[in-house]
Amino acid sequence: MVSGRQVESGQGPIRYGMVGGGQGAFIGAVHRLAARMDGEFELVAGALSSDPARAKASAAELGLDPERSYASFSEMAKAEAKRPDGIEAVAIVTPNNVHYPAAKAFLEAGIHVICDKPLTSNLADAKKLAALVGKSGKLFILTHNYTAYPMVRQARDMVARGVLGDIRVVQAEYPQDWLTDPIEQTGQKQAAWRTDPKQSGAGGASGDIGTHAYNLARFVSGLELAELSADLDAFVPGRKVDDNLNVLLRFKPAGKAPAAKGMIWASQVAPGHENGLKLRIYGTKGGLEWVQADPNYLWYTPFGQPKQLITRAGAGASQVAARLTRVPSGHPEGYLEGFANLYQEAARAIRAARRKGGKPPKDVIYPTVQDGVEGVAFVEACVKSSKKNGAWTKL
Amino acid sequence: MVSGRQVESGQGPIRYGMVGGGQGAFIGAVHRLAARMDGEFELVAGALSSDPARAKASAAELGLDPERSYASFSEMAKAEAKRPDGIEAVAIVTPNNVHYPAAKAFLEAGIHVICDKPLTSNLADAKKLAALVGKSGKLFILTHNYTAYPMVRQARDMVARGVLGDIRVVQAEYPQDWLTDPIEQTGQKQAAWRTDPKQSGAGGASGDIGTHAYNLARFVSGLELAELSADLDAFVPGRKVDDNLNVLLRFKPAGKAPAAKGMIWASQVAPGHENGLKLRIYGTKGGLEWVQADPNYLWYTPFGQPKQLITRAGAGASQVAARLTRVPSGHPEGYLEGFANLYQEAARAIRAARRKGGKPPKDVIYPTVQDGVEGVAFVEACVKSSKKNGAWTKL
Amino acid sequence: MVSGRQVESGQGPIRYGMVGGGQGAFIGAVHRLAARMDGEFELVAGALSSDPARAKASAAELGLDPERSYASFSEMAKAEAKRPDGIEAVAIVTPNNVHYPAAKAFLEAGIHVICDKPLTSNLADAKKLAALVGKSGKLFILTHNYTAYPMVRQARDMVARGVLGDIRVVQAEYPQDWLTDPIEQTGQKQAAWRTDPKQSGAGGASGDIGTHAYNLARFVSGLELAELSADLDAFVPGRKVDDNLNVLLRFKPAGKAPAAKGMIWASQVAPGHENGLKLRIYGTKGGLEWVQADPNYLWYTPFGQPKQLITRAGAGASQVAARLTRVPSGHPEGYLEGFANLYQEAARAIRAARRKGGKPPKDVIYPTVQDGVEGVAFVEACVKSSKKNGAWTKL
Amino acid sequence: MVSGRQVESGQGPIRYGMVGGGQGAFIGAVHRLAARMDGEFELVAGALSSDPARAKASAAELGLDPERSYASFSEMAKAEAKRPDGIEAVAIVTPNNVHYPAAKAFLEAGIHVICDKPLTSNLADAKKLAALVGKSGKLFILTHNYTAYPMVRQARDMVARGVLGDIRVVQAEYPQDWLTDPIEQTGQKQAAWRTDPKQSGAGGASGDIGTHAYNLARFVSGLELAELSADLDAFVPGRKVDDNLNVLLRFKPAGKAPAAKGMIWASQVAPGHENGLKLRIYGTKGGLEWVQADPNYLWYTPFGQPKQLITRAGAGASQVAARLTRVPSGHPEGYLEGFANLYQEAARAIRAARRKGGKPPKDVIYPTVQDGVEGVAFVEACVKSSKKNGAWTKL
């Protein structure tokens, strides 16, 4: 009944800054809390809003040194790069269309980037960004946070070790209900930018949550996508982007077994679902089921044996899960701990990078800029397929 | 805490016969038990197997009068039609390909038909059978048994009353795992005929369980299908029919709201799923979720209000559910009670028909031959669409 | 995916009669349905109500031969004993206080008795009845129906086989909410007799549901009670019997391990609970949990291993469960099937008894008159202990 | 979909120190993480272990200034009291027997105390400590952390507002399984001190988890205890303190309704239970159920209406829950967030106290030293009652 890992490293925190995340934002506060949870990061700079007054007020509220509260990300990148105590990493938590220019500025300034998903608002930017990352030699961590839940890691490990046999079927879904009504027309900030194609990109639900479902399916199954067929809808009158997507997936064959098939359903108009990300995978030897709202549980159903409920930090949980666990079994961990796990991984990678030429330990895992490119490609393929009446489309 | 309905009618049982359902069969025993549960039917004749020895032994085991144990359904139809105490109805529980000729024989003999699903093994037969039913003036009850669960009736009624608002999304799934391995090659009787296209028709999982999922989605939502796109697989080496189907659905518009969309996933190779039929429906005002394995519960999620768990015979259960309820809330009813409900409906219809020109009471509901035609059309559309790489296909 | 057992025996039904169970009754209809489910019994006689008009009307509704509808159980016992086609067994489903005289009449007439619980309304009657049964040589089956659920049988078998190791803790509970308000004052028939000490005996909830919880705990654990301490309440103003009981249990040592301890909570005033019978047992090697409302599931939690969910007819279900199973896993069975299992056991015992000196097969299990005596002793011990401020009391 | 509250206050963190919580400890790391989560506290001093080498190493690992790593709590209290930048509060996370002397030292040094439960290892110390707190004018926060879960607050508020009507029944349980085997004999540190009466006090499970269950029942129901009857066991051979407790509760009447009754079951030897704290409360109008392992859900069962599942931050969650919520509904919060909520409350109280004569805002709620006295009295009453064969005992 002791903690599965050491939660403090004693090495002194990593200095980081934030772009976006000012007052009224959601995900910025989540990033800050995740960064703070294990004492590995210290927020020292920010360009917290494109609105100067809000930026200033937000910085004051967070106790930032006023001279390190910047009016723009470009100013911040330049200024921080010059400081001897400048930030080592930046967290980009803006609307999607700002990800690319902001990331570019910091990479060019030699600063590691932690960036929210989807990577960018269009595929062209995504590819340019991937090239920039390669050239920069800097770390780029994309916060597909759900990949860092302990039981997701356990699931991935079980698949990789062949526990399920050959994978046949992958079912991912991500229903929500918060956009059931056209609240973007009432000035709700979260809704407004997410349904504005200029800020979000061509995809609505597909970009906001479809990418999470797709990324999770790929992350756990280890399978690569061959092609998809998508049927997108904007059910709410006046909505400019999709709020529901039904997608068929065909994976590439892995070995000699028949190629796996899958489905993704993501929706923002499904009353009763708050944040219903769920993944199910079935192979020749068994199945797995994981539900984000109850993340401490993993159902493992070996074919021909009783169903097993594996619990985080409980019997049956493996080392890959234990490494990202803070409290004993039965003491539930949640969304913020999962998110913080990704910041833990980032911290380990950044600390390794501090040592000249240092590479992250082999067991450090985080979504990369390449995963981000694939995510944006997924969104664009969905939109394209749907426009072509569901034609099978490659990423 | 009293029973919601009168379980015995006191009018004397309906005499019925059975085609199929001999030793080693599954669904025949279910029909007999369902027929017997409420004391409304009496089994008095049978052509229980195409194998004469098995037919005879099965009849003896069931205590049938030996002279009413027939070697074939055609013999049975003729002989029973002549008897003053002949059967009023027949239950057809054979492999799919026998449904049509058997039903034809009894309809032509003036005997009501209760028939297992899918209606026939091909669409041509289905249409001919529908025409025959119309001409015969006899009743035809298709045992899509899941439609008779009380909470399914409640769900349907709630949708019809507009409780969910305009329907946007329908998600149906029916995963099982019993065909994960090629057990049809080991002589397992249930598996053998279900995977033999000559007996089952062109669809495997699509005919056996996909039709149930489709029928249930239609039954509860009240929506009509416009077209579908299907991706079928036979994952198990050597299997001749599909064992997994991923289907996109487009419904016809109902009113001025955008047309609803849906998905069906059915599988016989999903380890951990025993009989996982599940239906979820979402509208502008709320959602519903029902799971066959736990049939006494119905989740109702009005948008913007706490989730509600409605229980069979409990608070919130309506009259349409109460009519098909035998025991108080908290005393679970199951699969057999649901099946027996359909026999109850059949009994009410048959008793009404006894009176010359008698029509069933208005609240009697059962799947008809038209539903059966649509079910077979669904299977054939799935197979056709899948062969055409998922082309959108009308029924 | 075939039925686990033969549901029809082909031997011709057992003729039985019923005392009580007329119009407006609950448990009588349940008994009839349970008796009918497997085709093993035929209802041919009845003294269905102490009210002659209701008795007659009830008999007509059930299609009984009018001359076998009796005005009293004593008349019925005498008349049926004389008939060559007289009943072989009687089901007694009256209020508790009638169990003893009715059972006495039929035992003395040489007729097997199936009797609802609790055995009698007081311990003196219970003991006299046990003596009568012994003297009569007739079968006596007490319908503690919950003991016949397949997963309860499985649990019992696992405990007996030592799967849990030495038992340490037994937790049983049986909350309901139907008597939250004083509905006995409104003429609700079920409530009226259950809260009238003249008809129910000294115990209210303790007799009606506490006995079920106690019986189940004993049945599954195999442990014998040493003593109990009870705190009973009648929370509803004006109620004459207990509607909530909190009980501490001390079991006798089984072997060298420390004696097990337990608790029973039963309530009729716990809003939200419909019929919440639940049993949990913990030993040195593992635990078990079973919930009546979801009876197809059994949680098995081996210490130090993942939790296992065993499903009726699924992987992990043993032969003792399979014998009492009608449909494949995932096709839920419920309260009526569980009840019918007890009638199955009764049928097997009665058929064996038909053969002179015939004893039931060894695997036939049903609650006996001795279990009934113990149940009434439990009720009286609860009442006595509670009156003595919770003094530890032996049965 | 925005965060329910402001997670950062911008006022500069509260300086605090820690007693206990060195390497190998469990709850110390939890306190630190909880303190850090919202950026309200900064750890600047510690007497982290009674073992000087471990204290030093632990301090280094946490990055403490070496001169503020103390060899004893008394040294620390004196030294910090003298510093202009001395700690404002101390977190005491030692074995129970050290709580009293450590708290005394800091209170006398004018430093606020945050102390783990149970308050002390015996009632005499508890009462002395309460007196000291009163005299000191300092804040004393007892970390009965479960009281700070949002849905627990919601439950409490619903009871207080009369939503359940008059309370009749309270059922609390807290089963675990980690002490099923005698691991205290293997040197497992957590087990060793918890089963050593010199360090833990007279109660084992009763002090470690029974107090939590009791405190939670009191906190949510608002009822006061009249007396209890307890049956304690040490099932594991050689164990010196109880590892299982069965307790009957009688509450004092609240108003004119009959006094409520209750039960507590707590166990450390119940295989399958990881940390199974659960509370159920039933009144004349409805019931509530909350389970710690799934803390984002609260079942509310109004009598005669469908069951409602209220979710943290979802529809139906009230302001008292929203104030302690960080992320939107469907994004699960867990044990650490619940614990951090208590540190939030502490922060608000301490910030108010900074202002001369400042009192905490009225909505700040935390367990006090008086709750702690009652908790220790509960343990001693359990032990005393059990020794007297379950005699009813007042606190």
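Here the chain labels run A, B, C and D in written order, and each chain numbers its own residues starting at 1.
Basically, contacts are C-beta pairs under 8 Å (C-beta built on N, C-alpha and C of every residue); 3 or more make two chains touch, one makes a residue touch a chain.
According to UniProt, the chain labels map to these proteins: A, B, C, D = Gfo/Idh/MocA family protein.
None of these values were measured; they are calculated from a predicted model.
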- line: Per the touch definition, the chains contacting both chain A (Gfo/Idh/MocA family protein) and chain D (Gfo/Idh/MocA family protein) are B, C
Contact distance in steps, from chain A (Gfo/Idh/MocA family protein) to chain C (Gfo/Idh/MocA family protein): 1
Message: How big is the rotation relating chain C (Gfo/Idh/MocA family protein) to chain D (Gfo/Idh/MocA family protein) when the fit is done on Cα atoms? Please round to the nearest 5 degrees.
response: 180
Query: Rounded to the nearest whole Å, what is the centre-to-centre distance of chain A (Gfo/Idh/MocA family protein) and chain B (Gfo/Idh/MocA family protein), using the mean of the C-alpha atoms as each centre?
result: 43
- prompt: Where the centres are mean C-alpha positions, what is the separation of chain B (Gfo/Idh/MocA family protein) from chain D (Gfo/Idh/MocA family protein), in Å?
  reply: 55
Task: Averaged over CA atoms, how far is the centre of chain B (Gfo/Idh/MocA family protein) from the centre of chain C (Gfo/Idh/MocA family protein)? Could you give it in whole Å?
output: 34
Residue list for chain B (Gfo/Idh/MocA family protein), restricted to those that touch at least two other chains: 273, 307, 311, 314
Field: Of all residues in chain A (Gfo/Idh/MocA family protein), those that touch chain D (Gfo/Idh/MocA family protein) in their complex
entry: 1-3, 6-8, 10-12, 24-26, 29-30, 32-33, 36-39, 60-63, 176, 178, 189-191, 273-276, 292-296, 311, 314, 326-337
Statement: chain A (Gfo/Idh/MocA family protein) residues touching chain B (Gfo/Idh/MocA family protein) in their complex are 168-169, 171, 175, 177, 180-181, 229, 231, 233, 235, 244, 246, 248, 250, 258, 261-263, 265, 267, 269-273, 280, 282-287, 289, 299, 301-303, 307, 389-390, 392
Field: In the complex, chain D (Gfo/Idh/MocA family protein) residues that touch chain B (Gfo/Idh/MocA family protein)
entry: 300, 304-311, 314-316
